[in-house]
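One structure is given here, and the rest of the page talks about it.
Chain nomenclature is as follows: A, B, C and D, assigned in order of appearance, with residue numbering initiated at 1 for each chain independently.
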Amino acid sequence: MDLQQLSLGLDYVASNGIVLSTEKRVALQTSLVLLQHAEKLEHMTYWGKIQGLTADYYIAQGYNQDPFQRKNFMSLDCIKWAHVADVHPVLIASAQGLTTRFTGNPSHEYTVASLRKEETKSDNTVIVTTTLSEEKRLAAVIHLIDQAARVVPRGAYRKTPGDKIEKSHTFSGLSFQDAGKIDNYMHCREPETLKMKTNLQLAKLDPALDFLDSLADDIPKRCWSIQYQKGATVAVLRSVVWPGAVFYHGISSPIFGHVYVGTGLKNLDLIFMIS
Amino acid sequence: MDLQQLSLGLDYVASNGIVLSTEKRVALQTSLVLLQHAEKLEHMTYWGKIQGLTADYYIAQGYNQDPFQRKNFMSLDCIKWAHVADVHPVLIASAQGLTTRFTGNPSHEYTVASLRKEETKSDNTVIVTTTLSEEKRLAAVIHLIDQAARVVPRGAYRKTPGDKIEKSHTFSGLSFQDAGKIDNYMHCREPETLKMKTNLQLAKLDPALDFLDSLADDIPKRCWSIQYQKGATVAVLRSVVWPGAVFYHGISSPIFGHVYVGTGLKNLDLIFMIS
Amino acid sequence: ESNIREQPETADGVILAQAQEKMLKHETEVPEEDEATEELVPNVPQLAEYFEGADIGLGREESFRIFLALKKLTEDQPLKTVSFWGKVFGLEGNYLIAEAEFREGEEPQPVEEEGGDELNGEDNEEALDEEEQDPRDKLPKNKYRPPPIIPAEEYGSGVNKKVYFVCDEPGKPWVMLPHATPQQLVVARQIRKLFTGRLDAAVVSYPPFPGTEAELLRAQIARISAGTHVSPLGLYTFDEMEDDDDEEARDKYVLADDFEGKPLSELLVPDLSGWVHHGQYILPQGRCKWINPGIKGDEDEDQEDDEEEEEEEEIEAEEGAPLLTPLQNDEDVDGHPAWSVRLTNTAHTAYAAVCISSNRWPGAHAFAVNTTFANVYIGWGTKYSSEPFSPALPPMVQQEYGLEDIFESNDPTRQEEEDFEAMEAQDDERDMGSEDDDEE
Amino acid sequence: ESNIREQPETADGVILAQAQEKMLKHETEVPEEDEATEELVPNVPQLAEYFEGADIGLGREESFRIFLALKKLTEDQPLKTVSFWGKVFGLEGNYLIAEAEFREGEEPQPVEEEGGDELNGEDNEEALDEEEQDPRDKLPKNKYRPPPIIPAEEYGSGVNKKVYFVCDEPGKPWVMLPHATPQQLVVARQIRKLFTGRLDAAVVSYPPFPGTEAELLRAQIARISAGTHVSPLGLYTFDEMEDDDDEEARDKYVLADDFEGKPLSELLVPDLSGWVHHGQYILPQGRCKWINPGIKGDEDEDQEDDEEEEEEEEIEAEEGAPLLTPLQNDEDVDGHPAWSVRLTNTAHTAYAAVCISSNRWPGAHAFAVNTTFANVYIGWGTKYSSEPFSPALPPMVQQEYGLEDIFESNDPTRQEEEDFEAMEAQDDERDMGSEDDDEE
């Protein structure tokens, strides 16, 4: 959630078990201002918290004009922040195999197995055991959660005829009816499912608004929980694949945002859990 | 402040001594929703609180499209609301003469003197003593405070070529520089000082934006205190003529509002108090 | 997007507000000191403040509304104790849960649920039917005896020590959940389900869950309470006046008179030696207090058949961790202690409290400082596992009937049949030949 | 409005954040119990919670930052007690004020301010100058003697019992305000000023205020503390061990050992009989403790001139309300008690506190529940009056000099002059005639 909107965003998601102590809010409002200034970023957001066994990681994200290009930062105390470097897709794949809790120690080493094609004449794939630090695992998980759960309402971003993506200044929010339909929400990521649509399906879409993947195309079908909250003035989407990922939107207002507070583990049992 | 924005607005003005207990917030969020529904109003705002000696009056205002046409409501407990009827200008003038505290009992009767022209041949003005109930005094004071202290930023409202006043959907807030200048704030009332401007002065103004009185024309010149608060992200204007009237504007955002928390007394000593 | 501004739908919001309005109150008097009664509703907003210091909670306004809703519950029900147990999230709606005890003698008799508890009854009917059959049609007898039904614990003891009320928003009416049965607990441990938010939603699972979402919720509440209701060591103690019966596990605790609060340093140690469980461990049979399923009483009419089985199965009593067992003994999770410890108010620890969060049941938390403590659960109602979920396998295919009475043989081939027929024909000829010999 | 989005000016925000960052801390350990020291910084956020129940306060985040700032103050200054006194609004900036006491012997010596305290000195210099004049030029002597300077109370007693630090935002450095002098208090009572937010701003007033905004702020703080620092009856008591000197007004109080809290019902009565002042009343001369201005010591060199005056003016000692006087005795405001009483937590009064707000100094509040209480001031720093403000009139025009030595007469008219000249001429002629007569 955007730093400027911190108290409003927290107010919207509190019902879902996401709160920040006054102490942390005060620390964030000071330290993130300094971080934004030091890194010369136009926008600073509080991304959320990944809970470790002995300590928790607070994550912040900053970006300039392009919402796809984000810089991640982590802190153990909301006072001192460290840049979290992006990780190679191979490491992301390795990290996906880890199903135990984050320990809370960024230097902790995990043993992961990854497949690698050996460059030999026989062209065998060999299982290689490497170590992955918790810090890199953190970067990987942040990336995965963003890919899976970073949501924007339809209409908040527009694609100009020049193929430039910009935030729409006239977006005044989804109506009450629209806010309850999952097709009005989109993933803020490089499109994946959009590319797999047929020309017939694409013809029905508006190229200025529907240039991102719709949440309706997520598999399995019931992986998002949509609820009206706060007396039907806020729409809240919670991911069941990544429990703890929460998106909020003030109905009929331009306010929206997302946050993640959880263990950083993907829910692999989803299929069994929904009747 | 608008009911939807209640927690955000309170967050902006808290630094100025204006807070609401959780209990009152919860009660307001329930009772004002019901009031808005019962009275079929498009907008509902928490206007503020007038402190009496034995009890306090919580005031709410509602309106539809026209921000000049407002309905006032009062409550002693934020649960049950009563409509506060508008009062005649003569009574408003009488109420201005009252300089003691509100008692907290709506039925309390004040003795006021008012001048009335006797309809006799001699055309004398006679001093007539009447009683004024505290409820009517309340209505009068709410009207006076609105006239003196209901502020909107320049650009938030526009006048269409058809002379219709509407809220601007593209208003994205005053910039940091502009937010510190008092000429960028206007009174949300039927213009008074505007009419007294010369044609030469009017020629420099934009008829779509400058159709309201500017705060810069208020007399005495230093009757508004402008401050940047919350780390220079919010501009706050406080009236010194009506201490307790506070206007807030989130810089570079479309968020603004006002609230009054005070004794309901005008500060008649202002001239002596500013050096 | 059209230019016509849609009238905001306030119907849902208004309905909720109308329900919530009933909870609002504004008092201007306080009772005289001698009139003051023992306070029934806990100071939920203040407890929420402590949890908030560890980033746990539901926000100040919802906490306050829950407080008002608990207050309303005490006005509608004759309760002896009440507290906010927690919030369970569901896909379509959520559940707020209150934990309570009725005043002596006031507990209502819950409506009997139709359903899976009657399995044995049906079998008994079948047995009756059997006896009405014609003894000449001796059909194979079904030797299957379902496992004995473990009776549920009574209200006030074990799993059902307390009763639970749920509602989906503060202000909506509270609904009492049924008591938990051992069958529900046994199945609940084997399945992994998310809640929808509708108490009457069907639970489709294997093994089949004997109940609807209401019963599953109750079972999960029981498991979570048993596993995560903890308190500082010394706050609760065993009642000295009760008989010290070594055979019976102690199952009652009382507030200790002399508890003055545990120092934060002792609550903060990572090995959790400063905390104990006051939620009682649930045995594998689904009860806190072991009952021997072999002892049937006079319900089973096939007692004779079981005499043999009694001698065969000597059922060993299940044992679990005793009440008030320290948290040190909890099994590790992923190589770390089962609970993570955090300090609130890290800027100035003189005013801090200690908060611990369960790693086995993510969402279960407890805090303590001086003589104040509380437990809460805020989560989806599922247990943590680093292993992917594997549903229970169906049991082995049953044996249809004993093989010892049956023997199989191969069908004769055509050649064998011809040989046989040939032999038969030869025997017939020989026999006819001998008969001819006798007549000369 | 141009299309170029202006880069938001973060300079101010960043500078403030940098200052505030120094206050942030994150501790993960707690001291062992035997190491724990007496807690110096009060639990400001918790006290703010109580006030918030009565819609009083500055919001949770500012309260927390103030807490951190007080903590920092205790690290920078050798203090014995510290508390958050309140916030005073100014036109351009605001003041946050901390009330403190130094540890024994650690109080710094404040820098002497140049200015109005030296009036008497200048007069003394004038007197010296006078004596150097030529005795032949006996100019009229200036008989004006300015009123004697009432000496300020020492740090630790009366008005200056405590010392005050101000800053404009939490995180900015704390500045110590000078001690209050009686002159400042006397003038402050006669003027009505808003603050600008700059400690060095000039105060333009009549009577002229002897100081800048810093001194005026200090004077108002003194007046507000004296008038509105209250506590529940019984919380403070007089030290039994001190001599009971009836002549000396008791000016010290200590915490009572046996205070167990006043019941809310007693704190809630509108006649305020449950509360007492522990801020000491300021006498009209500007001190809490009367000092006789007639007793000059050896400062005044014109003692002889005053001997006569001593006999004429028998100065009567000023008396004010004694310490720990109940609030019942406060003068009414607009026909109502001087304090308005409110109950917090009106939805469930079992957890309520009582909060009273001063009607004489709007913005001064106090709350109490059980053994917890606090005072705070949040306002513009001015007193309430239902009458419009009338500035002091200038004094009467001074008499230039005594009239008894002077008599006036009218200038002669021309006619009288001519008559006189004529008479003179006649006398001269007569005289000359007599002289002529003598010579015959």
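In the analysis below, a contact is a pair of C-beta atoms (placed from the backbone, for glycine too) under 8 Å apart; a residue touches a chain by one contact, two chains touch by 3 or more.
In this text, all values refer to a predicted model and were calculated from it rather than measured experimentally.
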Chain C and chain B - chains in contact with each: A, D
Centroid-based (C-alpha) most distant chain relative to chain D: C
Distance from chain C to chain A - Cα centre to Cα centre, in angstrom: 34
Where chain A and chain D are represented by their mean Cα positions, the distance between them in whole Å: 58
Whole-Å gap separating chain C and chain D, where each centre is the average of the chain's CA atoms: 69
Chain centre separation in whole Å, for chain B relative to chain A (CA means): 42
Chain D residues counted as touching two or more neighbouring chains: 10, 13, 17, 24-26, 45, 60-61, 68, 346-347
Residues of chain A touching at least two other chains: 11, 22-23, 29, 33, 77, 231, 233
Topology of the chain contact graph, where touching chains are joined (line, ring, star, complete, other): complete
Residue ranges of chain C in contact with chain D within the complex: 24-33, 36, 39, 41, 43, 45-46, 49, 67-68, 71, 263-265, 268, 343, 346-352
Contact footprint of chain A on chain C as seen in their complex: 1, 6, 8-13, 16-17, 52-62, 87, 89-94, 191-194, 196, 201-205, 270, 333-337, 340, 342, 344-347, 357, 359, 362-363, 378-380, 382, 384, 386-389, 391
Chain A contact footprint on chain D (complex, rising order): 10, 13-14, 17-18, 20-21, 24-26, 45, 60-61, 63-65, 68
Contact set on chain A toward chain D in their complex: 22-23, 25-27, 29-31, 33-34, 36-37, 76-79
For the chain B and chain D complex, residues of the former touching the latter: 10-11, 14-17, 19-24, 49, 51-54, 56, 77, 99-101, 103, 155, 175-177, 222, 225, 227-228, 231-233, 238, 240, 243, 251-252, 261, 263, 268-269, 272-275
